[in-house]
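See the structures that follow.
Common to both upcoming complexes is chain A, partnered first by chain B, then by chain C.
Let's turn to the complex of A and B:
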């Protein structure tokens, strides 16, 4: 039996993304969702725990709807959640979101520029909408 | 040899955020590549070339040690390790409980990087061993299931923490027992104490680490650390291969070994301890 559905927090899981600006965007967007846009409705989980097979982390992804936030097409977060038996309700890729921001200079692995924050907020807002739907027991379009 | 940096993911704890920042800043400072822990776990072939030609600086945020476990599991050569939670403790100032780095976290990250880079640029020469020890020739054997544990018959004194000392000319050579090295399995890292550090009997004497556990070395004697085994720092696997010989860890100029000895066990008594411990597992 899982905890998915009405009133249960949604897990927003970013890729590790260390050393790359796209990874930083996925991380910052996650924090925006969990801390500001959907506190109480969304939580996060460290992907490294999951890939190392931490039993609590595995149980978490199996018992909650998950939104994965990957920096690039390697889709580490999405694939690792799936491999752990979790359900990815929505998979977001930061690189794809750049299509609407051609020429944007998002910053570097350590810090985002204004361009970077704009994209980050856009991704976070979209993810927060999905969190709200999932929290209300609705499905989202993948 | 080139260096690469493997950091934990560090997403859900303030210490993890510092670990990530340490990795990024160190990579910039020494112009090294960062290895993404999750991608490494999922597609190790992606980093095969880097791992085979580099020594790793491993940065962990907390005692879960995700990065260390990953490095150990892949048999990577670990040159240095950073444990941010230890640095937080040492600073005496807990980090603010937010996942986004705050000024205190940034300051801590920079201080860790400064120390790390300094040590990398000017590695402390490991002192040479100061005494001439010969390897043991006679052993007691304790068997349990398919395991067999060796214990030198003479000259070695043990504490119940599975650490031995052998004293010659006022210097104790210290290591871990065959039982403990088998229990830990493949040892990947030796974190030595600083030379010239004073240590009490049953005080801390660094640690050794495998994928299974971190083993805190409890000193069997009181005195001052006068040497560490450079061969073990270079190749921690020596501890597994030869725990009573070339896999020794540190040398201590003893203060009063006669007094220490009252609380230590000879080989036969330690064999009883090993039998009991093995039976309890």
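Let's turn to the complex of A and C:
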């Protein structure tokens, strides 16, 4: 039995990617959602805790709808949530969000440029809409 | 043949929920980019569960230092469970004490205390790299490249090319898209065209009027990919 549904905060989980800019975008988009766009409706947790198999983290992903933000196609966040028994309501891949930004120079794994922040805000806005729906007990299109 | 220098693996917990996780990530990047770029490599921690055999063997092929934000030591635990024993394990809260209390989660507009904390941890990591290197000594490691900071998932996405209406179109990740299609058992014939096109459209913008020509070019390239996969 889970607590998913109306009024239950949504977990937004980035991938912890450290090798390239996509991981930083996923991380910063998460903070935009949890701190600015949907405070109180969204929260995050350390993906490393799931890798560790921490019982509290496993319970968290099983009891909340999850939105995963992955930098690349390896989809570490999505896979780790699924392996922990959590439900991925929406899986977003940063790489796919670049298709409308051909030629953009988003920065690197340490810092984002203006282009990078533009893409990050777009991803965060999209994720925040999904958070609002899930928080209201609605489903989202994967 | 001269011996190549040993590359030290640095695994950061990157904990998203605590400021110390951000510090561990930024300090690791600083070591990779500025302080010890020629002797360090990294890997995303979650790849130990989500990645392939080569990625899970990371700590077996590199002397590895883990950088954890808190006493739960997820990076150390995850690395040792899934990959192998680590050479050294650092914890940000042990290095900084209460210094990280006022630090931010986001890397945007970093405060002075956060910047100072990142430098302090980065210098501690660099010192640990030197210490591990001194113990290991130079050796030839054929699994490691000669470029500086490198993560298996940060290698450039391989490009593929399609000929569309006589022009060559470069498509990042075409090989990966084909690999995913093959895993999904999408047929390399006319019945697989729509699925192939849908997969490509996720990553590459295709105008409606271009779909027909993309469809045939994509199928030809996918057939070639499947043939080469069979040969290997």
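In this text, the second predicted complex is superposed on the first by the 142 of 142 C-alpha atoms of A that agree within 3 Å, B and C clash if a C-alpha of one lies under 4 Å from a C-alpha of the other, contacts with A are read in each partner's own complex, and residues count from 1 in each chain.
The criterion applied here is as follows: a contact is a pair of C-beta atoms (placed from the backbone, for glycine too) under 8 Å apart; a residue touches a chain by one contact, two chains touch by 3 or more.
Owing to the predicted nature of the structure, the values given are computational and were not obtained by experimental measurement.
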Self-check item: Clash or fit, chain B versus chain C on superposed chain A
Solution: clash
Practice problem: Determine, under the contact definition given at the top, whether A:100 touches first (chain B), second (chain C), both, or neither. | Solution: second
Quiz item: Touching A:140 in the superposition: chain B (first), chain C (second), both, neither?
Solution: neither
Quiz item: What is the contact status of A:18 with respect to chain B (first) and chain C (second): first, second, both, or neither?
Solution: both
Practice problem: Scan A:74 for contacts with chain B and chain C and give back first, second, both or neither. | Solution: both
Exercise. Could you say whether A:27 touches chain B, chain C, both of them, or neither, answering first, second, both or neither?
Key: both
Quiz item: First (chain B), second (chain C), both or neither: which does A:47 touch?
Solution: both
Practice problem: May I ask you to name which of chain B and chain C touches more residues of chain A? | Solution: C
Self-check item: chain A positions touched by chain B in one structure and by chain C in the second
Solution: 14-20, 23, 27, 30-31, 35, 44-49, 51-52, 54, 74, 76-77, 79-80, 109-110
Self-check item: In the complex with chain A, residue positions of chain B that touch it
Solution: 7-13, 16, 20-21, 23-25, 27, 33-34, 36-39, 41-43, 64, 66-67, 69-70, 99-100
Quiz prompt | Of chain A, residues touching chain C in the complex | solution = 13-20, 23-24, 27-28, 30-31, 35, 44-52, 54, 71-77, 79-80, 83, 95-96, 99-100, 102, 109-112, 117
Quiz item: Considering the complex alone, what residue numbers of chain C touch chain A?
Solution: 12-18, 21, 25-26, 28-30, 33, 42-51, 69, 72, 74-75, 77-78, 81-82, 105-108, 150-154, 157, 173, 176, 180, 202-205
Quiz item: In the complex of these two chains, what residues of chain A are touching chain B?
Solution: 14-20, 23, 27, 30-31, 35, 44-49, 51-52, 54, 74, 76-77, 79-80, 109-110
